[in-house]
Structure formats: C-alpha cells, structure tokens
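Both complexes shown next keep subunit A, but they swap its partner, so subunit B is in the first and subunit C is in the second.
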Partner chain A sequence: MSRPPADDLDDIQAARDARGPVLRKSPGPTAWFDIRKRSTGHWAFSLNRITSLGLVFYLYLHLAVLSMLLGGKDSWNGFLDIATQPLFLGFDVLLIFGLLFHGLNGLRVALVGSGVAPDHQKALFWSFMVFGAILLLGAALHIAGSG
Partner chain B sequence: MVTLDPAPGGANEAEDPTAGTADGAITRDFRVFRFARDGGPSRFDTFEAEVEPTSTVLDALRWIKVHRDPSLAIRHSCFHASCGTCGVRVNGREGLACVTRLADLEHGRVTVEPMANFPVVADLVVDMTSFSERFPPAHPMDRASEFPRSADLPSGVDEYERFEDCIECGLCLSACPVSATDDSYVGPAALAYAQRMLEEPRGSDIGAILDWADGDNAAWRCHAAFECTEACPSNVRPAQRIMHLRRALTSRRGGGS
Partner chain C sequence: MATMTPEATGVHRSRTWRATAASGVALLVLVTIHMVAHHFVVEEVGGLRDYAQVLEYVSNPVMFVLEILFLVVVTAHAMLGLRSVLFDFGLSVRSKRLVARGLLVLGIATVAYGVTLISVLASRA
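On to the complex of A and B.
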C-alpha cells in the first residue's frame, strides 16, 4: 500500500482540525500517586516521591530547629524537652523510615538502571525492603529505649 | 487495516458475536467515557449490556454500539491482540479490549476510558499520530528477517527476542506515570525500540540511535516504575529494555563498546 500524497494528507488533517479541538486527557501529577491497580514498581515510584518531599521538608525544618541555638542555652534545652516526648520520638522513627526507604529504593533504581537484574526488580525491591525493615525495627527499639 | 465500526445495519452488525444472545447471557453495567470534538464537555454514559460468560470488553462495547448507542466511537480490527488498535483503560488499568475478559474483572460496574496521555479524538478513540512521532528518526516500518524460513534456529536464539512483537498499541505510554506529566518524554515504546535496534542492528546506525536515546527527553527520563512492562500485552518488557539501553549509554560514556 502506497502512502497518500502529501497534499491529500494535508486535506485529511484540515478536515480533522475543522471538527474542533481534541481532548488532552492526561491525569497529571495525580498519576504519580494513584497506585490503585498498579504494581510494585509504581508503589515504589510513588513512595519515593513522597519520601523525597518529606525529606526536603525535614531538611528545612532541621535548619529552623538549629536556628534555636541562636536563642541561647535555655531556648535549646526547652526544645529538647519537647523533642524527647513520645510523639516526637515517633516522628524520629518516621524520619528514619523515609531515609531508609528513599535510600534503599534509590539504590535499587541505580542498580536496575545500570542494567543489573532489571528482570528481577521486584525481588530486588522486596529484598531491600526486608533489609530496611530490620534496620528500622532496630532503630525504633533503640529510640524507644532512649526515650 | 484499522476499521471504525459502522452504524447499525452496516457490515459489522452481521458479524456481531453478541447479536441475538443465546441462553446464558447476563446483564452487566458499563460506564463509558464519551467525548465529541463538537459536542461539548466530556462525560460518562452508563449502559446495561447483555454479555456472555466468555465475553470481552470489546464484545460488550460492540453490543452497546449495535443495540444501545450507534454514536459510540470505538476502534478495533483483529480481535486477537495482534493489531493493537483497541487499547483502552478498563477499571483504571490499561488493556486491549479484545482480550480483556469481563469474567476476569471484579464484580460490579465496568468503567471504560480511552488511553491516558493521548489526544482523544472521539469517545474511546485516541490519535496515535503523536505516538508514532516519538520513535527515533530511523524507524523502519518493517525489517526483513535474517533467517531463511528453512533454517534451523541457532542455539541461544532465545536471546533474540523480537521487538517486532511490539504491536505499537500505546498501552505502555498510557500507563507511564512520567508521561502523565511530561509530554516531551518519548516514552517506553520508542526507547524499547531503540534497544531492540541495538540488539539486532541489521546495518542500522547504532551511533545515531544512541545519540537519540541519550537526549534530554529519552532514556534518562524514565523513573523505573515498570508500569509499561505491566501493561504491555506482547511481553516486550519496555522497562527492562530501557534499563539495558541505559547500560549501553553508560558504557559508551565510559569509553566502552
């Protein structure tokens, strides 16, 4: 089958355009976080984005907290009294979860992206997650013991 | 090759596998995306369709078109996952309507939408032009096999997976979360095609393909969600091929072969 002449293609395109605009149907950023009916790789992709946002937020929060040192010893000690409350220690565990997930999943992506075991990326993901869960449990017990 | 269903009374009605449903037919609810370029905003219409236990989504859509609403625009051709023209999203997941069995879906209403990340022309029909334009400039439509029909396949031939298995249905692009926010990203199918060319060049300009794949909107934009591989109905495994393509690019940057 031969390709139609260019003039004919132009006529076809003009006829299409005359019918009105097409609909750009794209979910946008919600697609990053919509994990319904999606696979392990997408969950990892979504959680990686969430933890990245969380870690960036924490970075600025950390700098803000450190600025309390400018207020002197009493200001800092007052903050420490709050920071050692059980609720804040829970936030520490959440922070360590974010660090471990983001770091370990990043390592998985780097390995797979280098052509290392791309056919086994799910197994690699769950292996890293089990390792991360063990580290998180240890960190949580340590924090609980120091509280 | 590609056909749009004619209005009832046309040739396809006589072939309609769901026409005159036999005993055993059941009724199932459908929620179908509707859009007309000159018909106002998009919407969902609901239908009750008579289906068989073995019916596919395409069977149901054709039944709706023949028996309920002849204006419903659907596109299909082969009925056996070979032509790649009936790609849709069924209950939020990409699939070929012709091989997506209703019995395999969860109970309740079935929602059918056009593929995401494509311009919608009408109802469930998307414009594939932009999809074709994403491929590398050197994109031959067909390539002659190097193996004579009478030849014995060499040992290890399993390594030579045929990218020609790609039916260019676009489901991978629809499933890709990166493509959802960046239309300039060339997407999984085009990158998998580039890797396929590296695997079996047959005289192709490998340097030009790698230059293309190393571009700002190509291999490095993939975020390894692997949804393209999950969506692919032809086992092309686009995500894995993108990862191998990255390795080739890294090797080239490092001075490797």
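On to the complex of A and C.
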C-alpha cells in the first residue's frame, strides 16, 4: 500500500484532531458498573468481579466471627442466637448466591480459557446459571426450613 | 456473547491466570465439602454448630486437614483475584510490584492466623 502524500497526511491528522480524543468505555472498576449497551459477557464479567470482592470481604468477616470461638462456649453460643435470626439467614442465601455465581461462572471462564467449548460459551453460561439457580433454590429452602 | 473478556476468550493465559483457574477449580470441590460437612448436615437452626460440635468437627484429623487445605487454597485464590482487580486500575510497574508483595504478605498472615485458630480449637477438644 503506497504512502499518501504529505499534504493528505496533514489533512488526515487535522480531521483526527477535529474529532477530539477517541472515546472508549473506561477500563477498570468504573466500567463494571457501566450498564449501557453491554453484552451478556460483560454482565457476567462485572458480576464475577463484584461477587469476588463480596466473597473476599466475607472471608475476613468469617475469620473474625470464628475468632469468637476463642472466647469459649458462652461467647460462641451468644453469637449463634444472633446468627440464627431471619435477617442473618437471608444473608446466608445471599452468600450462597455469590458462591454459586462466582464458582460456576469461574468454571465457565476456566473451561473456555482452556480451550473447552469456546464456541458454546453462551450455552455453557446459561446452563451453569440454570444449574446454579436450582442449587440456590434448594439451599434457600434448606435454610428457611431450618429457621 | 459478542464482547467477551480476555479470560473468556482464552487470549489471556498467563501463569497467574492458570493459577487462579486451578485454585478456583480446587475450591469448587473444597467449598462443597466445607458447606455440606460443616453446615448442611447439621440439624440446628441455620446449619450452625454449637461450641462443642465445632470442637468435635475440627478435632477430626480428616476435617482438620481439609479445613487447612481449604484455607490455603481460598486465600491464594482471593489474593490472586484481588491482584487482578487492583491491576484493573492501570497501576505503574512499581505499584504493581508493591501490590503483589503486599498481597503476598496479607495472604501469608491470613493463612497463619487461620491455621493458629483451627489448631487452638482442635487442641481444646
């Protein structure tokens, strides 16, 4: 391909300058919450990131709660009275949702990234989500039944 | 899915990505064991064990090893995931190095605390 004359290059550059900077959807965490014109893949990626942060927060919350066991029987059993309230059991369901979504979507990403069914990832995603929804329903019923 | 992430398209297969994926797959097994053995077989409200039941649970050698393994793998996966999230901020090479070292220290401290906690509880049984 032949190089355009210098005058044409100047015109091209002038036209680019007139348009201003290239506008792209911003990278990083701000893009996770940008819901405009997003595909299922982006939704899955964003929700995977958000659930990951929630689960890391829960990991440290869980360690802090389990530290109450060091305080002995009274300390732990006093916590159980609070943890078995309906509100906290609702948080358990939210936790299981996070675990299931992050785990199953992560499994899809690992499979597709490893070359397994790269052309069927949408079907894989929805299959896993249906499976996860069934497990979540079962877990929620189990928790509600124990409450 | 017209727009897929680098992870989903398989373009991004760095050593970190492989470690995250491998620890994630291992976690699927370990978290299932943890949730079922620790919570879903317990009759009490909310599937929570009382103090004596917790001590009995962690003093079982098989469960003790599985819980330690779970702690190590979940912490490694969490630190690798946090690293990816923080790198999304477009950090400089120096900042990335600092973040990676900071997360390594945090991960080691987390595992050390968790192992101590489980060991102390197991010793009380």
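The rule is short, and it goes like this: the second predicted complex is superposed on the first by the 119 of 147 C-alpha atoms of A that agree within 3 Å, B and C clash if a C-alpha of one lies under 4 Å from a C-alpha of the other, contacts with A are read in each partner's own complex, and residues count from 1 in each chain.
Please note the rule applied: a contact is a pair of C-beta atoms (placed from the backbone, for glycine too) under 8 Å apart; a residue touches a chain by one contact, two chains touch by 3 or more.
Everything numeric in this text was worked out from a predicted model, so none of it was measured.
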First (subunit B), second (subunit C), both or neither touched by A:36: first
Partner chain in contact with A:115 - subunit B first, subunit C second, else both or neither: both
Partner chain in contact with A:80 - subunit B first, subunit C second, else both or neither: second
First, second, both or neither for A:137, with subunit B first and subunit C second: neither
Dominant contact partner of subunit A by residue count, subunit C or subunit B: C
Which superposed partner A:123 touches (first subunit B, second subunit C, both, neither): neither
Touched partner set for A:53, first subunit B, second subunit C, both or neither: second
Residues on subunit A lying within both footprints (that of subunit B and that of subunit C): 27-29, 38-42, 44-45, 109, 112-115, 118, 121
Residues of subunit C defined as touching subunit A within the complex: 1-5, 7-10, 12-13, 17, 21, 24-25, 27-28, 31, 35, 40, 43-48, 50-52, 54, 74-75, 78, 81-82, 85, 88-90, 110, 113-114, 117, 120-121
Residue ranges of subunit B touching subunit A (in the complex, touch as defined): 35, 37-38, 42, 91-93, 113-114, 116-121, 127, 177, 179-181, 183, 222-227, 229-230, 237, 239-240, 243-244, 246-247, 250
Residues of subunit A that touch subunit B when the two form their complex: 16, 19-32, 34, 36-42, 44-46, 109, 112-115, 118-119, 121
List of subunit A residues in touch with subunit C within their complex: 27-29, 38-42, 44-45, 49, 52-53, 55-56, 59-60, 63, 66-67, 69-70, 72-73, 76-77, 80, 83-84, 88-89, 92, 96, 99, 103, 106-110, 112-115, 118, 121-122, 125, 139, 142-143, 146-147
